[in-house]
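Input: structures, listed below.
One chain, chain A, appears in both complexes that follow, with chain B as partner in the first and chain C in the second.
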Partner chain A sequence: MITDYRYIGKPTLRKDAFDIVTGKAKFISDLTVPGMLYGKILRSPLPHALIKSINTTEAKLLPGVKAVLTYKDVPDWKAGARPQHVRVLDSKVRYVGQAVALVAAETEKIAEEAIRLIKVEYEPLPAVYDVEEAMQPDAPLIYEQFNANVLPPESRAFGPRTLQEIVIGDVDKGLAEADFVVEGTCAYENIPNPLPPETPGVIASWEGADNLTVWSASQGPHMFKVTLQPLMGGINIRSIGSPVGASYGSKYMSWQFVMPAAALSKATGKPVKLCFKKSEHLAAFTVRLGSRIHGKVGMKKDGTVTFLSGDWLVNTGAFSECAQFMIAVGCGEAQLMLRCPNWSLKPKVICTNRTASGQVRGFGGQELKCALIPLLTMAMEKANIDPVNFFKKNYVKPGDGYYWRDGEWWVCQGTDYTRAIEKGAETFGWKEKWQGWLKPTAVDGARRRGVGVGVHGNADIGEDVSEAFVRLDGDGKAIIHCSLAEHGTGQRSNICKMVAEVLQLPLERVFFTPVDSLVNPVEIGPVGSRGTYAIGNAVIAAAEDAQRQLFEKMAPLFKVTPEDLETSEGMVYVKGKPGAKLPWSKGLHYYGACLGRGRFEPDFSKPNFMIVFSEVEVDVETGKVDLIRVVCATDVGQVIDPPSLTNQLNGCLGSGGIDSALFEETIIDKRLGRIMNANMIDYKWRTFAELPEMELVVLETPVAGHRFHAIGVGEIATAPGPSAVLMAVSNAIGVRLNDYPLTPDRILNALGKVNAAKRRGKQ
Partner chain B sequence: MTPTQIKPSLPTLTLNVNGKLHSFMLGEGLHEVSPSHTLAYTLRERLGLTGTKISCDEGACGCCTVLMDGKAVLSCILLTVECGEKEIVTIEGLEDPETGELDPLQQSFIDHTAFQCGFCTPGIIMSAKALLVENPSPTRDEVKEALSGNFCRCISNYHVLDAVIAAARKGGGE
Partner chain C sequence: MKNFAHYNARSVAEATHLLAAYEGKAKLNAGGSDLIGVLKDRILPDYPEAVINIKTIPGLNTIEENDGGINIGALTKLVDIINSPLIKKNCPVLKETARTVASPQIRNVATLGGNLCQDTRCWYYRYPDGIGGMIKCFRKGGKTCHAVPGENQYHAIMGAKKCFAVCPSDTAVALTALGAVLTVAGTKGTRTLPVEEFYTPLGNMLALDEMITSVNIPKPDPAAEQAFLKFTLRKPIDFAIVSVASVITLDQGICADARIILGAVAPTPVRAHKAEEYLKGKKLSDDTAAEAAMLATVGANPLSKNIYKLEIVKTLVKRVINSGSCLS
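Then we have the complex of A and B:
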């Protein structure tokens, strides 16, 4: 295996580094367009109500106000998946924070003032927040078309055979074969907010009848052409991306901010900028799915799982942004973690009266795992099996099969992650620290240590089609045409490294087009850890194609065949004859650029993997939990850029990751339907002073199917952590815990010291 | 830069930002500074210094951190009219004005890839700068403490700590 790469595997300068550290990077909130107006949204104060009347007269009369739109005069654009069920503005509100009216004005301040002048009369309706209450016959119906508030299961997110449940084998047979059977309810329903620092934002500019230009902080700007154009009456969208002030998945499905701005631009004939305030970001934008499992597991003494059955109740809030897509992927991911012959896991997506759930790093899989792994640990505890051995035995191996999101049966052709698990356990010191189920690692007065472990993986590193062009110019430069937005992983720079490596060009001579759907081919975007494998493969193929064309053009100049040529530093050489060389300009001149084309076709046969070990210290007097140490272990085939990878893996703490086990939660006052902690003081996040010790174990077992044998892993870093921490805390205090977050009141409640339900206002 | 001559009867405000003086009329007009404007708003919307970021806009996340007389302050909870007599430095003012050379701290952030999305980075660099002005050779724990008001959701924190410590060492600390 070649390991002496010029750029691959070595730290290199991120292309945007200078702009970032000097403040020159232009995020969406930093942009202005001449003649631009500012948009604002009036939001519902009630969780469920009919709008009886809206009076906008006074708002419209305010000097500087250019448009005030209500459900009566916005275009009939519908979103939400699937089926489409959310109008951009509606006569009914379904959560506190839902858009009720839109204003465009000359300044933000005038727009804010105008919002306050709109008078709305509501007829309040009863609201429901719990998934099981929402399915009762007497529950308020949030959408008339969704019986019992359950989204129709027949909606097909990923084609006609979309995975909608896991039904494999015969559960009764598995029941008969089991040595231990456990049954229980586990939940991950604290709906953490991924909370990127930059709020969602957009500038929309409507030109003529059918052309809309959108500048946005979307993680997948090109997808507007795929997802929004059809929803907006088949118009043409030109989508221009900006650096994304992080997204963690949340700014991928972007209609909640794009459509209001587009409606205002259409109404005013001017560009309209709409950037959410942080309070809107926290209270009216998407959070994680709520996840609850009533399940049953059968296990043999040796840790073989004989069956898994249950209902997976998925709380999507006031609408489904893409919940059916997420449960399809979640169901696939459950099978990667668990080799089990008999399944009957049936998801239901349920609407409730709170801000909607949507796409977040972990995409259904994290939400499922955080409830599913605790259920499995109940059986492991009965069978007295070490969870590390369990995961080692049960994580998908090459040759094993699974149904993926498309409903097709895929056979694993990827890596065996046994070594990564063993190396991670060794680095963590698992053998020394693990004392058995519900046993602390160490006790020092009121302070108890415990350890826990979780796993996750997805097969989405090869999801969806990518297309890219690579252009070679006569002046010895390579330009990558691709609509990949930079959302923080450094992927744009890493793609440049791959092209520089293929063409043996200095990295500073490899350029990237701006993210603009007008100049670039289709790009789904950096989601599901697909940047390295799917996007990388498309761009590498384009670079190779361009190089082939270059050699065809230049071979006659040397009187050799194209196969005899090689290139570096913008020069073409005859192999083995270092003297026989010409610059690209001799073949391309100033007018004859080579345009190589590359394409990647979906391939779900190569799951990635992450195992997270955690050690916590719990104070049983105060209930406070400190995260002491985290070890993440994975195998990536080949590291592309070491600092980018360590950054991504360290990211396991944030963005609704590990800390969603400890203190991150969106708290709803169920009397009012309002989110009580929609600010960055009451929504808790980890500070520099509280960083745990972090160690990363990264193996490099080459993967077939990629020129540099690499796969992506960034997206999944957050997913294994929460269940690992839940296990660690349970072990530390000797009491099993089955839901999150592990705030002091929950710990003290588990220890019988306080009544947490009372403190949380549930009784 | 010479301050613009303004009629003495009109209320004005002169701001010293990155060593340059800027005079504003006070008022509610499109190009004036209102008594209700925050420093962050004035820097971004009046002076075009968009390197100072607004995230929470209520003093919780540190993205808007700038230096005021050498101390780190949150420009989203400071009123512009309070800053008249102060020396303000923003991320745009860290480079050497003559040579354009980056501040060693900025260079160290580049060298350590001490960012991911980069939105919180200017605020973190300004907080770190204030620390190094006051304490040129901080311990790792002192850096953690000094940066505790800065939100980094991507968790580039570990690389940031390395970058700040390395910059301090280069700057003659340790």
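Then we have the complex of A and C:
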């Protein structure tokens, strides 16, 4: 096997690096289109209400205003995971911040002033925020069609057998076999915002009867052809992507900002730009799912899990963006973490009156795991099992099977991650630091150290189809035709490396077409860590196909067979005869480009893996938790670009990841239904000034199925962190904690230092 | 943002006369780090008609030693306070406090006067108009404080009656500990006012036509130990959940004088009088520190979600007494 690659595994300059750091890169907020108008959204003040009347007269009279739309005059487009239930504008509002009216005007300022001139009368309805309260018979009904506010299971997204629960084996048998049985409730309900630095933004331009051009900062712009076209009456969408100021999964579905802009453009006949403010991003865009498990686990003395049963209550907020899809993936991922013969885990997706939950990296799996692992640790504690040994024993191994999102039984053909776990534990110093359950690693006065560990993995590195073309031009250049958005990770640059490696071309001579659905074949996008394996495979296949065509064209010139040829630097050589060479131009001229075609077919047989070790220090006199050290360990088959990988793994901080255990949370006043911390001071996000010590352990056990033996791990860095920190803090303070975030009030409360009797007078 | 008239004031007299002319509908702007956010989010029921830039007034950004102590102009930037050898030598507690404010970028523009006069961070008060409309509360002429039945984890645990927002200024806590006195100018002349008396339950003592021009810090006893501790979730950026400043004079291990000020617990900085009195004449020890810490919370009346702040107050008071100094 070749391991001495020219680009693969070596750090190379990101192709867009200079453009980004010099401000030349054009993000969506930098783009303008001739004749463009600016859109603004009037947002609901109430969490649940009927609109009795809307008066737009004054707003329409404001000079510069081109359109004011209400539920009465927007197209009847419906979105949301099925059945579609979210209208662009509706006569009922279901969360504070929901769109009530849309304005398009010549300037942003005029649009903002016009919004303030719209008069709305509401009939308030009672609101509900808790999943279990929402299912009560007397709870306010958020959608008439969803009885008890429970959404129906999804039956189509991932095929006719789409996974919507884990039911395997016989739980009663598992109960009989268990040495220990624990039961409890664990929850991950602080609904952190993934919070990419760039707010959601779009320019929509309606042309003629049914053509819509969309420029957007979407993670998967091409998906609009698949998801939005049918929802918008079968129109033709041309989707053009811009560089994405990060997404973390959240800017994928994107109809929440695309549809309002499209409606305004349709009404005005002009392009309309709609960029959210940070407060809208925080208070009216999607957050993580809320996740609560009432569960029961049986375990043997050796850490074998005999059964797992329970109800998984999923709070999706005011609508389901794709909650049932996320459940499918979450249920698959739970099985990767746990080799258990008897399951009965029944999810329910429930609507409540807060800003909706949607797609975020971790996609159901993180939300599930952050509640499921604490439940499992209750059993580990009883059985006195070291969690590292537990994860080592229970993480999916080659030959093990699992039901994936499509409801099919897949058998693992990937890597055995035992070595990654061992190497991570060794780097972290787990053996020295682990003192047993609910025991601190060290105590220094009021400061107590504790350690914890969590795991995650998905089998989505091979999800969905990718198609790509690679064009070889006579002037010795390769052009990749693919609608892969640059969502911040450097993936476009890294795909160029793969093509440069295949064709042995200088990296500067490999180009990427702009992200444009008119130019490129279908691309689902860089989700589920599929960039390296799925997209990479399609592009590599296209490059190989193009090279094959090149050799077929040029073999007669050398009077050899195509198999005798090789290429480098835009020259074709006869193998073993360095003197026998011709430039590509001799075969391709200026008119005869080779167009190679590549395709990747879905394959869910190769789970990836991440284990996160964390050490925390808790000040038991203030309740403050400091994250001291983090070790992430994984096995990626082959590193494509070391700095990109480092950045992805360091991304376990932020984006609703490890810090959602500590302070990332969306705080809702349940009397008003309002999000109180919709600004970057009150929404706590770790700053660069206080990063913990980070160490990354990356093994490279070659994986079959990819020319460079590589798999992706980008998405999964965040998911193991929260439960690892929860475990570490519990151990530090000697008190078991079963939910998040671990803010000082909750720590002091757990330590019995918050005496409710001290509260006097006020309620 | 909406349009407003903008003035570059060339003198204190011009600024105060403009304030008077606009009858409360003008805002002063120095560093702008607080005001711009207030305007952009449109949190106030009335939008100002004018913004008066006072950075253009000469002579208000100096730090000088005089007979009475140290005089700091109101337009002195926080970064200059942090870098001043005079402040470092005489009032390290102020230096330490200024250092904990926000981030370097903000400290490079934010002024001492602005830090003292900034508006509260209460998230009901600050709720952005764009997400369903600003929240009318007691502080804005409404009838209720939404924090009382609502999300009050950062709100007042003592000294509040109708509005439970806390004073966000860190420097006010240190300046109260140092016994600093403000010089305030208005259209009718100037007056002085101790920082300790500057804040009111809904804001401060400035009349419509007044502005702070300077802060005078009486020269502290060189033997006094000065300390400041600020408790936040994140080290940079965050406003205090609780802060404590102390100036303690020891005479052969016995406390001769003590000033202990609590920040972010009430609408104003709070002097822990009972703790101060208790410490005087006592030998400082873990036990006396613990007793003083307990006394500092006497009279507290926390809300549903902020009882934990009492524990943090006690811890910080104990620690400022034990650590004794912010030079360590």
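By our rule, the second predicted complex is superposed on the first by the 752 of 763 C-alpha atoms of A that agree within 3 Å, B and C clash if a C-alpha of one lies under 4 Å from a C-alpha of the other, contacts with A are read in each partner's own complex, and residues count from 1 in each chain.
The rule we apply is simple: a residue touches a chain if its C-beta (ideal position, glycine included) is under 8 Å from a C-beta of that chain, and two chains touch if they have at least 3 such contacts.
Computed from a predicted structure; not experimentally measured.
Visitor: Do chain B and chain C fit side by side on chain A after the overlay, or clash?
Guide: Overlaying the two structures gives chain B and chain C room side by side.
Visitor: Let me test your reading of the model: by the given contact rule, A:Glu198 touches which partner, first (chain B), second (chain C), both or neither?
Guide: Touch status of A:Glu198: first partner only.
Visitor: Scan A:Asp739 for contacts with chain B and chain C and give back first, second, both or neither.
Guide: neither
Visitor: If we overlay the two complexes on their shared chain A, which of chain B and chain C does A:Gly651 touch? Say first, second, both or neither.
Guide: The first partner, chain B, only.
Visitor: Considering only the touch criterion stated at the top, classify A:Thr687 as touching first (chain B), second (chain C), both, or neither.
Guide: Both partners, chain B and chain C.
Visitor: Per the contact definition in the header, classify A:Leu748: touching chain B only (first), chain C only (second), both, or neither.
Guide: After superposition on chain A, A:Leu748 lies in contact with chain C alone.
Visitor: Is A:Tyr248 touching anything from chain B or chain C once the two structures are fitted on A? First, second, both or neither.
Guide: A:Tyr248 contacts chain B only, not chain C.
Visitor: May I ask you to decide whether A:Glu664 touches chain B, chain C, both, or neither, giving the answer as first, second, both or neither?
Guide: So A:Glu664 meets neither chain B nor chain C here.
Visitor: Return first, second, both or neither, reflecting whether A:Lys277 touches chain B, chain C, both chains, or no partner chain.
Guide: Touch partners of A:Lys277: chain B and chain C.
Visitor: Could you tell me if A:Met676 is touching chain B, chain C, both of them or neither one (first, second, both, neither)?
Guide: So A:Met676 only meets chain C here.
Visitor: Please state the minimum Cα-Cα separation between chain B and chain C in the superposed model, rounded to the nearest whole Å.
Guide: 5
Visitor: Residues of chain A that sit at the chain B interface in one complex and at the chain C interface in the other, please.
Guide: On chain A, the residues that contact chain B in one structure and chain C in the other are 277, 679, 681, 686-687, 689.
Visitor: Note which residues of chain C are touching chain A in the complex, please.
Guide: By the definition above, chain C touches chain A via 1-2, 41, 103, 121, 123-124, 126-128, 130-133, 135, 146, 148-151, 153, 231, 233-239, 241, 300-308, 310-312, 315-316, 318.
Visitor: Using the touch rule from the top, collect the residues of chain A that touch chain B in their complex.
Guide: 11, 13-14, 16-27, 29-30, 106-107, 194-199, 243-246, 248, 277-278, 487-490, 643-644, 646-648, 650-655, 679-681, 685-689, 691, 694
Visitor: Within the complex, which stretch of chain A touches chain C?
Guide: These residues of chain A touch chain C: 43-46, 96-97, 109, 113, 277, 279-280, 283-284, 446, 619, 621-624, 663, 667-669, 671-672, 674-679, 681-682, 684, 686-687, 689-690, 743-745, 748-749, 753-756, 758-763.
Visitor: Which of the residues in chain B come into contact with chain A in the complex?
Guide: Interface residues on chain B, with respect to chain A: 30, 44, 49-58, 60-61, 63, 90-92, 94-95, 102, 106-107, 109-110, 112-113, 115-122, 125, 143-145, 147-161.
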